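Worksheet: one structure, shown below.
Letters A, B and C mark the chains as written, and numbering starts fresh at 1 in each.
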Amino acid sequence: MAGENEDGSRIDALERRLRDVEDQLAIYRLLAAYGPAVDSRTEAATAGLWTETGRYDYGGAPLVGAQAIGDLVNIQPHVGYVERGCAHVIGMPFVAVEGDRATATGYSRVYLHDGDGWKVERTSANRWELERTQSGWKVANRVNRLLDGSPDGRELLSRAFVQSNGEETDVVS
Amino acid sequence: MAGENEDGSRIDALERRLRDVEDQLAIYRLLAAYGPAVDSRTEAATAGLWTETGRYDYGGAPLVGAQAIGDLVNIQPHVGYVERGCAHVIGMPFVAVEGDRATATGYSRVYLHDGDGWKVERTSANRWELERTQSGWKVANRVNRLLDGSPDGRELLSRAFVQSNGEETDVVS
Amino acid sequence: MAGENEDGSRIDALERRLRDVEDQLAIYRLLAAYGPAVDSRTEAATAGLWTETGRYDYGGAPLVGAQAIGDLVNIQPHVGYVERGCAHVIGMPFVAVEGDRATATGYSRVYLHDGDGWKVERTSANRWELERTQSGWKVANRVNRLLDGSPDGRELLSRAFVQSNGEETDVVS
């Protein structure tokens, strides 16, 4: 019957559209967990955001492997920041999904307790490269650069608007 | 017919998945209304975010009841902050839904106009405990603590990774 | 058959609900692209967020037209901010959709590199008026006002809680 086939097509379309929505929200969820994980020094939750072989490139030699990244919460300067009072805030990112890979581009800030207020200790551009794994979306690579006037941060942000095939990212559809 | 039964199951699954997505977005929406409500001193909108018996625990004796919480916008120090120029910014939270209850963990900051810029007057860890009511998700309890190096803020953030039954929260699926 | 008609109704409902979810996420996506676009001085991506006849009202004579708004990234003070190191951060907004129009209310902050940290150079209330176009949601008008104690910012935020027909916005459903 026509009606039945039509239902099937509509269900197909709904499943595709819902998956797109779920992907974007899962990536929000992943990045929103980062701050609470590191500021509470919860090593397992921090490591669990990355793939086993994931990387964190913050300007020097990149950290490689979820465990090495999780270990960050137990060493300086992080331990000192937490003792002084800090917040690692990841802003709502711009997410672009291509199949089983995605990028999320946005800002992170580190607020540090200072006198009778909080100092903005770091403001960085972030590019999160994500992969869909059997246990959900995970970070394959985080690249961040200070927005201190050097060109790296700007270049990182500009890559939000280019797809992996070199074509322009469609922001608004 | 097999096809028809199959459609029904697929529709069931879509309804469940869509409800999960709607829950997460409704909670984002609720928290995103907080800043505009308090910074415009809109008492009804502020009170309306909480359940009738909702609580706000900011370190001292908790405020109890939506009306008492809404009244905050009409008293000091809030009135003074608004007159000086302030922004209560709630960052994108980490949301975990369990049936008709949920938690949202993240950061709030109060920016206060100061000289030729804005001072970060407060940076806090937040745990929002939410309930699904007949008129949508509402705040049953907001707990926040300054991230000033005292252990309370860190402890609050770490609870994001533990479910109500004591098991680990699944961040990435 | 009853079952088939019922499936159709359920699919209708899913399509409506999914569209609501997609609308809210598309608007998040649009606003999350703003910072990366302007801080990387990507003129086309900046202009592309607005409708052709879109406006940006930041207190003086409004800018009119997507191209004029995109050009902002090539003039002072913007070029100087970028050279010094800046982040235009748009917080998670409160979104209200009415058919093919929507508003998003929230905060923007400009962080500017300053000494050994970042200064909060501007903190503003924002009201984004959006339209659904054939190429997705776009900004028809952005109005922002500094939260420096003047009444304009507060008034802008309070409008989040009023629909276009004058009725109260339903925050929580």
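As a working rule, a contact is a pair of C-beta atoms (placed from the backbone, for glycine too) under 8 Å apart; a residue touches a chain by one contact, two chains touch by 3 or more.
Here the structure is a predicted model, which is why all the values come from computation and not from measurement.
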Checklist entry - Are the two sides of the subunit A and subunit B contact the same residues or different ones, given that same means over half of the numbers occur on both copies? => result different
Checklist outcome for this item: Rounded to a multiple of 5 degrees, the Cα superposition angle from subunit B to subunit C is 120
Checklist entry - How many Å are there between the centre of subunit A and the centre of subunit B, using C-alpha atoms for each centre? => result 21
Item to check | Overlap residues in subunit B, where contacts from two or more other chains coincide | outcome: 4, 7, 11, 14, 18, 21, 25, 91-92, 119-120
Next on the checklist: Considering only the defined contacts, which subunit B positions touch subunit A in the complex?
Outcome noted: 1, 3-4, 7, 10-11, 14, 17-18, 21, 24-25, 91-95, 105-107, 109, 119-123, 125, 146-150, 153-155, 157-158, 160-161, 168, 170-173
Item to check | Interface residues, subunit B side, partner subunit C - complex | outcome: 4, 7-8, 11, 14-15, 18, 21-22, 25-26, 28-33, 35-37, 39-42, 44-45, 48-49, 82-87, 89-92, 111, 113, 117-120, 133, 135-138
